[in-house]
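In the two complexes that follow, chain A is the common piece, with chain B as its partner first and chain C second.
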Partner chain A sequence: MADEAPFQLLHSEVIQYIYKSAEGETESGRNVTKLENIGFRVGQGLIERLTKDTARFKDELDIMKFICKDFWTCVFKKQIDNLRTNHQGIYVLQDNKFGLLSHLSVGKQYMEHAPKYLAFTCGLVRGALSNLGVKSIVTSEVSVMPSCKFQVMIQKA
Partner chain B sequence: MAVCIAVIAKENYPLYIRSVPTQNELKFHYTVHTSLDVVEEKISAVGKALGDQRELYLGLLYPTEDYKVYGYVTNSKVKFVIVVDSSNTSLRDNEIRSMFRKLHNSFTDVMCNPFHNPGDTIQSKAFDGIVSGMMVQTA
Partner chain C sequence: MADEAPFQLLHSEVIQYIYKSAEGETESGRNVTKLENIGFRVGQGLIERLTKDTARFKDELDIMKFICKDFWTCVFKKQIDNLRTNHQGIYVLQDNKFGLLSHLSVGKQYMEHAPKYLAFTCGLVRGALSNLGVKSIVTSEVSVMPSCKFQVMIQKA
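Moving on, here comes the complex of A and B:
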């Protein structure tokens, strides 16, 4: 999978760049927001391209399934391992071997750095959903290193 | 060939509208505006109707005396509307379909352009070119 490596490298480099250029600033939340916004724009464009030849979606769950299968495969070359929902607008997407974390060492050592490696993807999902007409809040959490969970909260209008 | 081509955003404001310059532009704006209701109706029928119509192409929206209006909705709820002259009977459904396809392809390229802000009006030359190719050539 030759196209995976450049994406990972670029992704790490973007994080590097954003954190370097904001050195000295006290607010660290701003960097994560920046990454999230980059992801948002990418997600918007990407979903436009991916859904070009698919049939119209029936409902929200249909959209989420598309994100878990086709969208995830396109970006990370694998599907989401587990999708859970409470059928009331909360979806939890679990990836047992998340590509953007796979090059960090397993264990607790780099746990504090995990959020910045997930921010872009959070934005990616949020952007994709927003372009499909679903407003959402996406958060992420890591418990054991290469696996992570994304929680998608749908905002009802 | 088309006499008017329009792209309408998710929130129902025009992203792009172009008609043949020889005729009353306002009339086309009106025609396209009117068609939005029909589009809405067709989308909301998805899932309820037996013949589950989940294709992006919506087909003929409605005919008026002089024109036929065709619609297409992307998954991101952006609408494309093509107005053709009724007198032009040679135009097949398939051709309309392929026109929409082309339009959608080009629109995707516009959306993926990092210099384009989603939600802004379309100012792409490439998109303009595609649309020009589909319009009636007025000598």
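Moving on, here comes the complex of A and C:
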């Protein structure tokens, strides 16, 4: 059995819990924000533990590579499949088999549920970067499940 | 770095989230129930995946041994250290270094926070047993952190 099952199942239950306790509220955007905030704090804690004994990062790209390899492997037991950048502060991380989507059925009718399964991870990346001194905006995009992309826009000070 | 870090950190954030969103409410018991319910559903999902290919269990004790070994290892990366029973439907599972408590400081002043860090796991065990057809009540007890005991009382039909 996959090691990440407890994490995946807990993640799903957190989504159910947040959406259920907000039933009747009109703004569903607030749920996404809540999930993003939880992810942010988990990301902060995780990167702190992960970088405890690592050497200083050379630059922004070096940090992004660490997120794609070590950080991603720690959480999702695989690396990011593709990292692209425009060298002007935008990075696109592509995961071809994203663990937190893999239990959702493939099919257009489920696409509308994808954002709530990605909000936590957007926060996770933003939290990790933030603790490394990099302020960012992280958004996500699904075209064909369970593949997805996270776009990181670095916010210059 | 420990593999269970993402799970542990997410678990902590769920506790913070639930307690924070209930601020001002008088009944703190409701938070423990919420955590227990989340644990219950994670336990159900997990045992389903874990027992997919296992042989039928011989008896109740056989089930409890599976919880102490395979199930515990899947979630906490270690086995239960001690299992006792009165052979009349009561089982005591002792974990001498419980992962979800290990980040709390040792000291009497923190003891009051222990129950909220155990509620999820009580539900986890109850959910797993429930999916195996065993109805139970699960309670927890901490004497010296990070050691703790879970008492399972089987409810005969």
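Keep this in mind: the second predicted complex is superposed on the first by the 155 of 157 C-alpha atoms of A that agree within 3 Å, B and C clash if a C-alpha of one lies under 4 Å from a C-alpha of the other, contacts with A are read in each partner's own complex, and residues count from 1 in each chain.
Definition applied: contacts are C-beta pairs under 8 Å (C-beta built on N, C-alpha and C of every residue); 3 or more make two chains touch, one makes a residue touch a chain.
A quick note: this is a predicted structure, and the numbers were derived from the prediction, not measured.
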Check your understanding: When the two structures are overlaid on chain A, which partner does A:L132 contact: first (chain B), second (chain C), both, or neither?
Key -> first
Exercise for review: Tell me which partner A:F57 touches in the superposition: chain B (first), chain C (second), both or neither.
Suggested key: first
Revision key, fill the gap. Across chain A, the partner (chain B or chain C) reaching more residues is C
Practice item. Have a look at where A:G45 lands relative to chain B and chain C in the superposition and call it first, second, both or neither. Key: both
Practice item. Please indicate which partner A:G24 is in contact with in the superposed arrangement: first for chain B, second for chain C, both, or neither. Key: neither
Check your understanding: If you stack the two complexes on chain A, which partner ends up touching A:V75: first (chain B), second (chain C), both, or neither?
Key -> second
**Study point:** Doubly contacted residues of chain A, that is, touched by chain B and again by chain C
**Key:** 41, 45-46, 49
Revision key, fill the gap. Within the complex, chain A is touched by chain B residues 10, 43, 46-47, 54-56, 73-77, 104-105, 107-108, 111-112, 114, 118
Review point. Given the complex with chain B, which residues does chain A contribute to the contact?
Key: 41, 44-49, 51-52, 54-59, 131-133
Review point. Across the complex, what residues on chain C touch chain A?
Key: 1, 3-7, 9-14, 16-17, 21, 34, 38, 41-42, 45-46, 49-50, 74-75
